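Next come two complexes built around subunit A: one with subunit B, the other with subunit C.
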Partner chain A sequence: MRINEWASLYVRLLGAQIRAQLQYRASFLLQVAGHGMITVLDFVATAVLFYRFPNLAGWSLGEVAFLFGLGGMAFGISDMVCSGFDRLSIAIQTGTFDRVLTRPVAAFTQVLASDFQLRRLGQIGQAALVLAVAIAIVDVNWTPLKLVVLLSALVSGVFIFSAIWVIGAAITFWTVQTSEVTNAFTYGGSYLVQYPMSIYADWLRHFFIFVVPLGFVSYLPSLYILGRADPLELPAALQLCSPLVALAFVIPACGAWRLGVHHYQSTGS
Partner chain B sequence: MIIDVHDLAKTFRVYRKRGSGLLGVLRREPVDVHAVAGISFTVEAGEMVGYVGPNGAGKSTTIKMLTGILQPSGGHMRVDGLDPARDRLELARRIGVVFGQRTQLWWDLPLIDSLDLLRHIYRVPAEAYRRRLASFVDLLDLGPFLHTPVRQLSLGQRMRGDLAAALLHEPPILYLDEPTIGLDVVAKARMRDFLAEINRERGVTVLLTTHDMADIGRLCSRLLIIDHGRLIYDGSLAAIKSRFGGERTIVVDLEDEAPPLKVEGTTVMRVDGPRQWLRFERRATTAAQVISTVVASARVRDVAIEEPEIEDIVRRIYQGELEAPRGC
Partner chain C sequence: MRLYWELAVRGFQRTVIYRSAAVSAVITNSFFGFIFSYVFIALYETRAEAGGYTLADALTFVFVTQAMIGLVEMWAWWRIAETVQSGQVATDLSRPLDFQLYWLAQDYGRAVCQLLVRSVPTLLVGMVAFGVRLPPDLAHWLALGPSLLFAVTISFAWRFCLNLTTFWWTDHRGVASISGLAAMLLAGFVVPLAMLPDAVRTPIYLMPLASMIAIPVDVFLGKLSDGRLIAALLLQGFWARAALGVGRLVLAAALRKLVVQGG
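Let's look at the complex of A and B:
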């Protein structure tokens, strides 16, 4: 399938999902508002801590808000786009995944297009607001490169989180139930990327930079943009490497997906 | 032949607990379940074949392998010249699949939206889509609910929508898994008429699993019976009827309860108070003879003669009571 045909089918399937969600208008609006509130309250809780302690591991309130907004947006967007993978466990249990395999379109495309949590717009919007406020209050000498790093970090962050959703879904082909391990990296990861990683133990920081590269979502690019010293003393070049790392992480995720589908076809559910 | 299955097998490995509690979870022992244990058959283009057997016999597993959902663990198969396990995406364009208990329609959207989405999934050209849609609206009478959300449709309406959805890309092969389950008598009859029509007019090859022998009687000239993963009968429904339909059961209501009656050429199948069921072969004796013997030996209030239901015959074949030679 050519890329434009693929995109047009994807948009059509998404459109159907969104029309279906909008059938329940009141529920939709309440959930948008609810998700937005959760993000704001999360941040208010953090800000309250700053009232008592002037900084968090040496990070000012504005700097933490920057991380919070950037990480929150990356997670929110990937959560909105990839919720079909999060719900794969249900599709396997109810047998709708069998239907996916009887259609002449790749299973990956169909699962990707099977859900689109528009209600996450509330969360994404609030995270964007926190990021905008942070940009206004932090003392940063903006250069074109810093702007590029910010935008590429956001895109890379979406891909890194998405790869985790896909790997989690691939594991579901073995476990049937979504595993708590997966949730630890997705929902857990969303908290991880919203705070400075210098608050965590060394081994944990290394794990989230070199194994599951969540450090590249917000922490490392923020060190560059905010001009902060790296307490881990890793090569400074890593702070610009988010796109490469995202690409390198997406490849094994696709491999895991293929293995998972193959496993499903040999075992059933 | 459009479907060629040779020695097809599917083995699932399940883990059985050893002992109880937490230890049992840890010490699991693998057990191989042979869901399909070496099945061979062929289907010619344009045939309509019924595939029946008790729950857990391997019907659905076979269908899943023939659609490419599951990879077989042994044997060979060809569907319209393709290997389902290897050419799944290509095969998907040539088969229609209806799972009676699971709709493929978009639950919250009007039926027409689902058909339009499927048109894009299967890349049906706009002109062909218009023509086919018009024909399905006509044949299945979809008009009154084409713009109704699927979740508000009755089961019968939904199944008609599902049939249109499965046939929109004009597949030469249609698999139906329990297509009439849960439908009322009128909806069942309508579904059967439609299937007979597309088979006759368009030459669609149909393989259907069902629990309802009336589906088979109305639609299928050929019957495959499967049990414990093996094919135990492959032949016409008429052949089963002529071979096993010679049995009759006489239901006798006596004045009083009595021990099982002894009548030459009959077997007492059941005793329920004063009522007894006597089965006999028409070749061995006649109903008249049986009745006169019974009347001579006991006080009889009422007598009825029952012919065997096809359900009963098939059930007894797969319970092993009747021996079914293959290919009769």
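Let's look at the complex of A and C:
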């Protein structure tokens, strides 16, 4: 299928999704507000800690807000786009995934288009707001390269989180139930990237830089943009590498998905 | 009475069969426990105490709150709402027992099970990894049981009311977002209430949601000396009773609205 055909199909499936979600309008608006406020309150909770403590491992409130906004936006967007993968286990349990396989469209596309959480817009908007405030209060010597690093980090972050959803979904082809361990990496990961990586123990930090590359979502690019010294003394070039790392992480995720679909056996229910 | 005991046993059994769910919940709760613990460890490098909490207190706070998530089931419990959506509620209402106690009994069973399979293992992880401490003296140990009982009761009454909103708005997800928010903010879940500015912390502490998390956590930490320990338990007891009462009022209003279609 050509890319523009694919895009028009995806847009049509999404349109149907969004219309369906807007049916319960009051509930939808409450959800948008609720999700947005959760993000702000999460940040307020962190800010309250700064009422009692002067800094977090040398990072000021504004700098932590920068991490929070960048990581929050990346996670919010990937959560909005990829929640079909999060819900795959339900399709496998109820047997509706069988139907997916009989249609003449790739399973990946159908699962991707099966859920689009428009209500996450609240969360994304609030994270963007926190990021904007952070940029306003932190002294950054902006250069064109820094702007490129910021935007590429955001896009890379979306892909890194999305790859985790896809890997988690691929695993459910074997486990049937969504593993809560996947949630630890996605929802847990969204908290993990809000704080400077230098606070974590070595094993945890190495794992989330070199195995599941969440360190490239916010921490490493922020070091470059904010001009902070890296207490971990990793090669400075890594601070610019988020897009490459995201690409390198997406490839095995796609492989895992393919392997999973191949392995799929209907639950028969 | 025997009937409600049997219901509680069923609630326990229904929860205990989901073994893999319990294991993965312990993993998730512990993972969050690790993240927040490292945040506090980094913060406490700048000072020794904050709002009366030492680093050891803060680490214990982190793992006790994580351990309590399963116990009070503050989020994502919509069993009654689902029966309203499916129509099963009509059958449940026609049973010859009290609708609220019918669910409360099952919830106590669920809570006891969660305490054993989720709370205790999560706490053990915290003890091994971060030296989380147990209650310091006999008085606090003795108070812990009733305090947790009240916490579960209040959380049940809160969820009972939220679930009943489906009688008015069929979709519960909007209520879920807003109520989750309120609970996170007011229960003392993310940040110890003691660390909030003084002007807001006392009013929040006296509100019902704090009785669900903040008070049991302070009991666990041994923060409440004699008179205040009793006062805290009385406050929890008061809110437990009041919240169940509100639940009955909401139920009565819902039943006036309910129309059961025959056939």
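In this text, the second predicted complex is superposed on the first by the 264 of 269 C-alpha atoms of A that agree within 3 Å, B and C clash if a C-alpha of one lies under 4 Å from a C-alpha of the other, contacts with A are read in each partner's own complex, and residues count from 1 in each chain.
Throughout what follows, contacts are C-beta pairs under 8 Å (C-beta built on N, C-alpha and C of every residue); 3 or more make two chains touch, one makes a residue touch a chain.
Source: prediction; values computed, not measured.
Among subunit B and subunit C, the chain that touches a larger number of residues in subunit A is C. Touch criterion met: A:55 reaches subunit C, while subunit B stays clear of it.
In the superposition on chain A, A:266 makes contact with subunit B only, not with subunit C. In the superposition on chain A, contact is made by A:183 with subunit C only, not with subunit B.
When both complexes are overlaid on chain A, the residue A:2 reaches neither subunit B nor subunit C. Of the two partner chains placed by the overlay, only subunit C lies in contact with A:26; subunit B stays clear of it.
In the superposition on chain A, none of the residues of subunit A is touched both by subunit B in one structure and by subunit C in the other.
Considering their complex, residues 20-21, 24-25, 27-28, 31-32, 34-35, 38-39, 41-47, 50-51, 169-178, 180-181, 184-185, 190-191, 195-197 of subunit C touch subunit A. Per the touch definition, subunit A reaches subunit B in the complex via residues 5, 8-9, 12-13, 16, 19-20, 23, 94-96, 98-99, 101-106, 262, 265-268.
Put simply, subunit B touches subunit A in their complex at residues 12-13, 61, 64, 67-71, 73, 85, 88-90, 92-93, 95, 97, 99, 102, 104, 106-109, 113, 117, 120-123, 149. Of all residues in subunit A, those touching subunit C in their complex are 24, 26-31, 33-35, 37-38, 41-42, 45, 48-49, 51-57, 119, 177, 179-181, 183-184, 188, 191-192, 195-196, 199-201, 204.
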